[in-house]
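Across the two complexes that follow, chain A remains constant while its partner is chain B and subsequently chain C.
Presenting the complex of A and B:
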């Protein structure tokens, strides 16, 4: 007699397969998030065994007496706005170029993607040296070109430090957008493009009415990932300026870390983290819903 | 089956024995958490000290874990909340960085060991003074003691026509003017590491306010906003950053600043006694000399580093024995120069004939009291604001006359 096989419904099978990952996710993502939310209304220096409930005090103090919080908040928004526009645009242009039948297309793709696989802290170190005001590449090149009037203290002048750091970030991340757009471009139907051409559409019209709509899922993914990555920008700041000069390049993620791990104010650090979480949700969720609704009606 | 049972029992017995062996060894094992050493000679010295201690104390193992500064602080925070704390941990002395661990109960009082090993007779009094700063007993034992002074490029001083080392603040300013007239920046600092430029501000505060008021300001016992010398100090500080610094400086760190100093791009640097080793390593010892910043208070600018016994240590007696060995005269004499120019042990004999080593010995002998770096005097949050205000003034973003009030605003709201 053959043993009876235990039959599971499709839903049950799905749940069984999901359960291990869900458990791990709850243990290592959901629980810490809830813990941080709880910590944000507590006073804790990371050393004593007990937390003290202080209500919204950490949020109020961050917003009212912390002279760096709003600088970090503003910088995070500026950084995010730039990150949503610049790397995706350059990545898109590169993807369009590298989607053509160019000689050396493969090595070029690898070359542009290379910075993505370099450790962010190494990227920061490379660029910090290039920005060295005395011996760095940029000032040396400007001096050699007779443009010594343009040399800067790239990471020391608060008017330019944030943007100098952003250029390094663009170099680091543009390959990521490029690869996603390339994948999207390869999914665009050649038949549709050829049909558009036969119907008399020019290059721009084909791009505007065939390629671009077909790329909408890729664009959504790139923009959402760009927003999320830019909001949590940490390593590039840590490696290049540590938030200086005079906290002028400070960001929320870095400031949360500084408050908790360097100043020992875990409650304040958690409050800043929660603000960052709310900002992220406030930006990402409406955008995602809008894109999904648009895709559904398209 | 009988064979199986016998085999299983034998295996079990062997397993128990194997499991018990490390447990026995662990009973005599102490752990020490410290920072990564800056040079290989310190690594080798520490290894050799531990080997000798272990040889002299059979059955005792000293396990060292080295970390970077931030990782070390994080590890101690984690340790404070668990039962995995080390037996001994490194931290700076003073109310700021070291005091945090004492306040939280991670450090154990060491009065008993001070009496048992007579450390008050063994260590330099100035280095020991920090152990008495905390309520509830004596905490920590000196590991290193550092002084900071002004190093200068002898050739650049000569080029500017400066014939003697400044003995007063007015003479230092006059020297800076002579250097400026010769188109030589007086000082080089690295602005990205906040604590580097801070050194000049600390020295100016000591100069302008005097010892008692400076201490009252850093202990936050008087208001920065109403103390005229605090504002005057920021004004003096701004004078230096705007007129006498090698620029740009906010975008470079301390090591880049040192390279510029070596390249002769600026005449002076405020650095600790450890710079002697760095100049020696660069083969440039003969080109430089040093003098204490002329604050006029007869207090040496410097700080101590301590080793603390953890309140969670299961072997505090062995830990104390190791610390006594580490600070003992023969060990300190044998490893003189490996951890700093000056030993914390008062009986160590200095035999170096290097002028800069001799200069440091004179300074340590001459100065009876010290004032610590701002980042070791303030609580951490105030230190961060102190850095920010200093950098704002240095980068012309905050008027010097408003700086003291800006700092006080934060201190008042943080209290």
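Presenting the complex of A and C:
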């Protein structure tokens, strides 16, 4: 039995250890999140001390009179739909390939992952230059190959720009899916695969009935993280197009920023942020509950 | 792998598998596509503008023009931006890891009131997108008078770095056997001592992985820096590159030299500490 004084001091020690991280996290992450909700019902330019409560007006205006909001909303949907399919699929294929006994697989893994660790704003700059209509890689290569009919103003054409930007995003993010799948493949029992093959199971059957079931948690994780990451796409938009041409690559995170920080309407910007935040939280909470359940049973 | 003669074998099969050979060729082809942007950037960074406009994109720079780097360094104010990035990273990364380790220890090894709720609150933060909070972050930092200061950017960096690190370290500390700390507790050692003398040395590989991951994340961060560091004397490398891109986008050689100089530090760190990246990234997402 410990004396009571000791017990108290253990709690105090715990609080001292916890306090710095908790304070900075609550002050600079949780508080701004609550502040977004508050700002979204205010009319405010972000700088003056005076602001006005306007209720749901910012949301109503975003949905009814702001023509850009629905464009940004639609683009975010398209972007997320593409992001949850294309990079995970390529990453999955690469992981399956690089999990085999192949020469040079170490350097190949490193190469596919390299774009992930480069600053996203540098990825945007690299691809903007490759899409340069006159001297960029794509148009120069098309000209050299005698395909000048296919030349595009990649980031200047409203019909093409969003998809051109997405190709850069694929290059940037495939390595992330690949590494998570490779880690998942480590958990697939090698003995089980060998046993299946020796028992005469074909390549496809082994994949379908041994590898794939064992990868189900990895697949869930990659898909959820892909959705969440795609919803917050900001650097790549800012660095490549700033939402243009004519808002054709505008997305919600970028539009929230533009309204608040560039047009000085913090209320409208916050309302757009709230839409994105609510969607994200609706995905995150069930995911975290699933993670915790897995953690508890592991 | 034990050498060349073992390549191209499927598990449990002794002969080379032709399907694996085809697969390998396909992977090499994709790798060529993946590496092409890097080659293009490096080649262009060594060419004079007239060469960029004249020769093909993959024509190697036969007479490398290194002056692009010196010129881009001056025009892009790299001396300033590298210094700012270095100061912010060197302060933020170890400090963030320290407070995260302290909090993770408290939440996993000390019976605190509401510790489950506190842990969930922190866990929630691992998924919180700061990209939607740029405006309130700006007004908050502005209200306390820290716009254009190192402290003003380090505080939000710390706040958004804490959740993932606490989550990873919490999982690690929780699994440390009780016997290791009990002896010290009976000897009357404080929790500060136990953390420093037992838990931190024990978790060096995890700490190293988190340190490297956080170094790259901090070095590369753009959006928060964009709203908080508005004066060009306080800009970090990514902000400097963005400005270079919008001002001098027609000086192709220099633009590409600026890109190379911006991505080189993180690339070198990655190539040296590769295995830590994978373990730091996957220990959070996938546990086996």
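In this text, the second predicted complex is superposed on the first by the 253 of 298 C-alpha atoms of A that agree within 3 Å, B and C clash if a C-alpha of one lies under 4 Å from a C-alpha of the other, contacts with A are read in each partner's own complex, and residues count from 1 in each chain.
In the analysis below, a contact is a pair of C-beta atoms (placed from the backbone, for glycine too) under 8 Å apart; a residue touches a chain by one contact, two chains touch by 3 or more.
Just so we're clear, the structure is a prediction, and the values are computed from it rather than from any experiment.
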item: Contacts of A:62 with chain B and chain C, given as first, second, both or neither; value: neither
item: Partner chain in contact with A:165 - chain B first, chain C second, else both or neither; value: neither
item: Partner chain(s) touched by A:210 [first = chain B, second = chain C, both, neither]; value: neither
item: Chain A residues touched - chain C or chain B, whichever exceeds; value: C
item: Which superposed partner A:244 touches (first chain B, second chain C, both, neither); value: first
item: First, second, both or neither for A:264, with chain B first and chain C second; value: first
item: Which superposed partner A:72 touches (first chain B, second chain C, both, neither); value: neither
item: Which of chain B and chain C A:46 touches, first, second, both or neither; value: both
item: On chain A, positions contacted by chain B and by chain C; value: 46-47, 132, 134-135, 261
item: Chain B residues within the chain A interface of the complex; value: 70, 73-74, 76-77, 80-81, 100-101, 103-106, 191-194, 247-252, 256, 259-260, 265, 380-381, 384-385, 387-388, 391-392, 394-395, 397, 410, 413-414
item: Chain C residues within the chain A interface of the complex; value: 1, 4, 6-13, 19-20, 23-24, 26-28, 30-31, 34-38, 40-41, 44, 52-53, 56-58, 99-100, 102-103, 105-107, 110-113, 118, 121-125, 127-140, 142, 155-156, 158-160, 162-163, 166, 171, 190-192, 195, 216, 219-220, 222-223, 226-227, 237-238, 241-242, 245, 249, 252, 255-256, 259, 262-263, 266-267, 270-271, 274, 277-278, 281-282, 285-288
item: Chain A - residues contacting chain C, complex; value: 10-11, 13-15, 17-18, 20-22, 24-25, 27-33, 35-36, 39, 46-47, 94, 97-98, 100-104, 108, 110-115, 117-122, 125-130, 132, 134-137, 140-141, 144, 171, 176, 179-180, 182-184, 186-187, 190, 193-195, 197-198, 203, 217-218, 221, 225, 228, 231-235, 238-239, 252-253, 256-257, 260-261, 266, 269-270, 273, 276-277, 280, 284-285, 287-288, 292, 294-295, 298
item: Chain B-facing residues of chain A, complex; value: 45-49, 61, 65, 67-68, 131-135, 152-158, 161, 241-242, 244-247, 258, 261-265
